[in-house]
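In structure tokens below, several structures.
What follows is chain A paired twice: with chain B in the first complex and chain C in the second.
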Partner chain A sequence: MSIGLAIENLHAGYGPATVLEDVSLTVNAGDIVAIVGANGAGKSTLLNTIAGLVPASSGRMRFGDTDIAATRADALPRKGLVLVPEGGRLFPFMTVRENLEVGGFSRRKSADFSTWLDEVMDLFPILRERQGQLAGSLSGGERQMCAIARAVMSQPDLIMLDEPSVGLSPKLAHEVLGLVQTLRDTKDVTVILVEQNVGEALAVSDQAHVLDHGRIVRSGPAAELADDPAIQKAYMGL
Partner chain B sequence: MAAFLNIVTVGLLLGGIYGLVSMGLNVIFGVIRIVNFAQGELVMLGMYGAYMSWALLGMDPYLSVLIVVPGLFVLGMILQRFVLQPLQNEPFMQIFATFGLLMFFQNLVLGITGGTGYSVRSDIASEVIRIGPVNLTLSRLIVLATVIVVALGMNWFVKYTMPGKAVRAVTQDRRAARLMGINVEWVFMLTFGAGAALAGMAGVLLSPIYTLSPQIGSNFILAAFAVVVLGGLGSVWGAFIGGFVIGLVEAFSGYYFDPALKHAIWFLIFIAVLLVRPGGLFGIAGAEEMGLREQD
Partner chain C sequence: MSKIEATELGGRRTTGKGDRHITSLATELLRIAGLAGLFAIALVVLRDDPFLLNILAYTCLFGGLATSWNIIGGFGGQFSLGHGVFFAAGAYTTANLYFHFGISPWLTLIPAVVVASAVALAVSWPTFRLKGPFFAIATLALNEVAFVLANYFDGLTGGPRGMMLPFRAGFENMVFTSKLPYAIIMIGFLLVTLVTAAIVLRSRLGYYLQAVRLDEDAARSVGIGVLRVKLMGMAVSAGLTGVGGSLFAMYIRYVDPPTLLSIQDVGVRFLLISLIGGVGTLYGPLAGALLIVPLEFQLRATLGSALPGGNLMVLGALLVIFALFMRKGLVGTVSDIWDRYGRRRDE
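Moving on, here comes the complex of A and B:
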């Protein structure tokens, strides 16, 4: 079941350096929400703060009815919130199948494990072919799919993706972002998508927020932002 | 021929001892990425644990495994939680802290025992089994059997169980493991506990073989370093195979050269292996310097 997220007046950063300044945003259950912006705007920091890897210095974060501002990173998957980190960060010396199994470490529903593994692999057929291969030997696109599949294994209600298309060819990037849509539609999850590939990201998203120097400067329906000449000029190179 | 078979047997039995002593060190290094200088002292504590169970409770030393292994498991968890975990972000300080623990335990036992050398007697330990021309001491055979069972058991655990896979995930990428919902701090505590428990088991099984002294741990840690670097830091089979290599080298060099040269010959091989294969025979190159990836 998809669950939404509400962030109010969030400040966060590394040591004395504040990266996020007074960020407030709402993510509705079942939406794909894009967070776009330039390099260094604070997009990854925002995801890492939600995921509990970077401590919030102030502000509120609610996931559904649960306050998650002080929740440990390793407790969030069990609550239904999972992050796919930038670059995927697979376990390189474990097989694809083992990576997926570890992804199911925090699985909450007690459905049969191998049935669930099968179901996830149905979504990513290439991973079924590669299941016995070491994750470190996968190509860029396969690696990204494996990372997403690994996160799906935990049966999340909300999945955050940090630059899933980075380093991929335009064709592969399109494929991966298409998969994100399929994922939302078939597995009933909310998606927060951080992307530098603004055009593609807005095309698959329902809502979007523009982050600039740690602040939200624009929010709205993704289609509306995609048509905005200012956004096109600043972020889409048009 | 009989001499040769006897040397091989002695070497394999010694290898079992070195392998068993090294396994705990390797488990701790493999997962937490710290070199535990106090590992030999944990073996020493295991030996004194067996002595106390024997002297105070009249237990056969082999039976004291039931007390010593859980005892050291708990001690290991406590040490990790209260000494090493506060230094989590300072790996060098952690290593110094383990050196501090080495000095602490050695001198604590020295203070309590006054340096008297104790020995433990077991009814079964001194039995000798003859197979043709080869003599096998039962106490050493037990060590050999144990190291094989432990290596197989650990291999099964990390390969086929979910907790084992979680441990491997932590060794390969801590941050990603955390994002999968794995409590990395708990994994570290349990791992250090397991490493200490393995040291305790080694101590118990070696107690009928050696005369106990507070400094005996230094003998073992030297062997364990040679074994682990030779076999590969962090590899399950590294300590196992490395132990046999070192044991056989010691047996052969003792027979053909001079037993006094054993340390020199170990470390000659040790350096030679490092020059050719920096990751050890079964290790992953670079694993000795840090985690496989930026660890946080």
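Moving on, here comes the complex of A and C:
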């Protein structure tokens, strides 16, 4: 069963520049939660802070029994919390298969590693075909698939996706976001999805939060936000 | 639920083609055994020629040292210029234990590994917080600090006068009248470093080191303890370098700071050989040593008197040529050409 995430009064930033101000949100286990907002609103900073890559200046973050702020970034995947960084950040001179293997090494149960690799490749059949190729030679969509698969290899309870559709054609973006739903349904993971592609993101999500200048300005069920004329006007160009 | 098909992703369907072939550890060990055979033949051919045996011994010693450096410098991408310190740590450990306590140099190899690795961990723990060129410069400074310390603590190092190790021929003292046993020892060292590097490369540590080299933040986000991985790679690399230092000390039977801690002859040499041979590849450092070490002996012999420092000018020019035109070194360039030729043949 997946585990939920609770963030209370989080402040974070880079040196003297505060990016996140008093962010509080709860993510229920099994949900897909969208975090949307304009450029520079602090969406990526929020994910990177949860992943431990940006230090929080104050506030509490709990993931199940784990106090995130007190845990080193590299220990979080073992606790079931994993980030897919913006652009995928694959290891370009390693093969697709090696990328996936590195993703899975931190996994808690290590007995049936190859079975698990097989299962993940079933979910992403394209990666099975490409497994011997260098990750740097993949197309944009494949690269994003591979990055998500690498994160899934660590058997996460919660997976955070930083703009998985960036740089993809609308059709590919749709495919990738569709896959996020597949992932939640088949692997029983909770998903936090950061997107600028607000319409698509809200369509696949259960809950959503709107981030503006480092503050959460709207929260609610994704469908409700998608129907809100103010949101449509500000973020969806309708 | 929908599964994404290859064609929808706009990629090429190139199953099999363009795949990078990953050699298994067993194959790699077989190749190293083949190399051992070649070196055995070289030994038989050169057995009566002390001049060439000396070159063979140095080539294998520096091939092994560059292979050791390559574990953290190549696989892990941490361009250490401070490996001379670990080299000296091994040399001084063996020299002291042999000179003062009469312990067989063979037995001192174990403390040499321990001391070199311990020194490496102690100096790497702070310096690994620096990245790229900053790390390289910090390690270069280490080398200079060690030079000053080695001159100062003459109880341990013999100071600037150095330590002359007594000539007591015998297997147990690792002192021989002929060059042949030394060449065999250095070949053994080279093979040990190659086997270690092959095992590291195909182990979890090897994957982690490469991931850290390629993208530290991404490595951290998939759960790799970056600092710990660097330290482990450094410990293995420095331990082997320490063994090289011990063997070197017993070969020339004299240790002093300018010999052990010279930047151009030791500190930067491992990196230079690896760069020219192919940094990050298993056999690159050996290829570099096979080219550079005999070339240097030849240059010293021919240019040494006529044009002092001429050998360094040639080496410098060589490094520039490799940096401009063969950035992957000998091994990387050859394997690229091989791949291109192989692919053309397939089509």
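Here is the rule we go by: the second predicted complex is superposed on the first by the 236 of 238 C-alpha atoms of A that agree within 3 Å, B and C clash if a C-alpha of one lies under 4 Å from a C-alpha of the other, contacts with A are read in each partner's own complex, and residues count from 1 in each chain.
Heads up, the rule we're going with is that a contact is a pair of C-beta atoms (placed from the backbone, for glycine too) under 8 Å apart; a residue touches a chain by one contact, two chains touch by 3 or more.
Since the structure is predicted, the reported quantities are computational estimates derived from the model, not experimental observations.
Undergrad: Could you tell me whether chain B and chain C fit or clash when both sit on chain A in the superposition?
TA: By the criteria stated at the top, chain C and chain B clash after superposition.
Undergrad: Counting only touches as set out at the top, which of chain B and chain C does A:Ala75 meet: first, second, both, neither?
TA: both
Undergrad: With both complexes superposed on chain A, which partner does A:Leu90 reach: first (chain B), second (chain C), both or neither?
TA: The answer is both, since A:Leu90 touches chain B and chain C.
Undergrad: Per the overlay, which chain contacts more chain A residues, chain B or chain C?
TA: C
Undergrad: Determine, under the contact definition given at the top, whether A:Gly141 touches first (chain B), second (chain C), both, or neither.
TA: Only chain C; A:Gly141 stays clear of chain B.
Undergrad: Does chain B (first) or chain C (second) touch A:Gly132, or do both, or does neither?
TA: A:Gly132 sits against chain C, while chain B stays out of touch.
Undergrad: May I ask you to decide whether A:Val120 touches chain B, chain C, both, or neither, giving the answer as first, second, both or neither?
TA: In the superposed model, A:Val120 contacts neither chain B nor chain C.
Undergrad: Output check: A:Gly178 vs chain B and chain C. Expected answer is one of first, second, both, neither. What do you get?
TA: In the superposed model, A:Gly178 contacts chain C only, not chain B.
Undergrad: Considering only the touch criterion stated at the top, classify A:Thr186 as touching first (chain B), second (chain C), both, or neither.
TA: So A:Thr186 only meets chain C here.
Undergrad: Taking the contacts chain A makes with chain B in one complex and with chain C in the other, which residues are shared?
TA: In chain A, residues 51, 53, 72-78, 82-83, 85, 89-94, 98, 101-103, 105-106, 150-151, 154 are touched by chain B and also by chain C.
Undergrad: Can you list the chain C residues touching chain A in their complex?
TA: 1-6, 8-11, 13-16, 18-22, 204, 207-208, 210-211, 214-215, 217-226
Undergrad: Where on chain B does chain A make contact in their complex?
TA: Chain B residues touching chain A: 162, 165-166, 168-169, 172-173, 175-184, 284, 292-293.
Undergrad: Please give the residue numbers of chain A that touch chain C in the complex, ascending.
TA: Touching chain C from chain A are residues 51-53, 72-78, 82-85, 89-95, 98, 101-103, 105-106, 123-126, 129-130, 132-134, 137-139, 141-142, 145, 150-151, 154, 169, 171-172, 175, 178-179, 181-182, 185-186.
Undergrad: For the complex, give me every residue of chain A touching chain B.
TA: Going through chain A, the ones touching chain B are 51, 53, 72-78, 82-83, 85, 89-94, 98, 101-103, 105-106, 150-151, 154.
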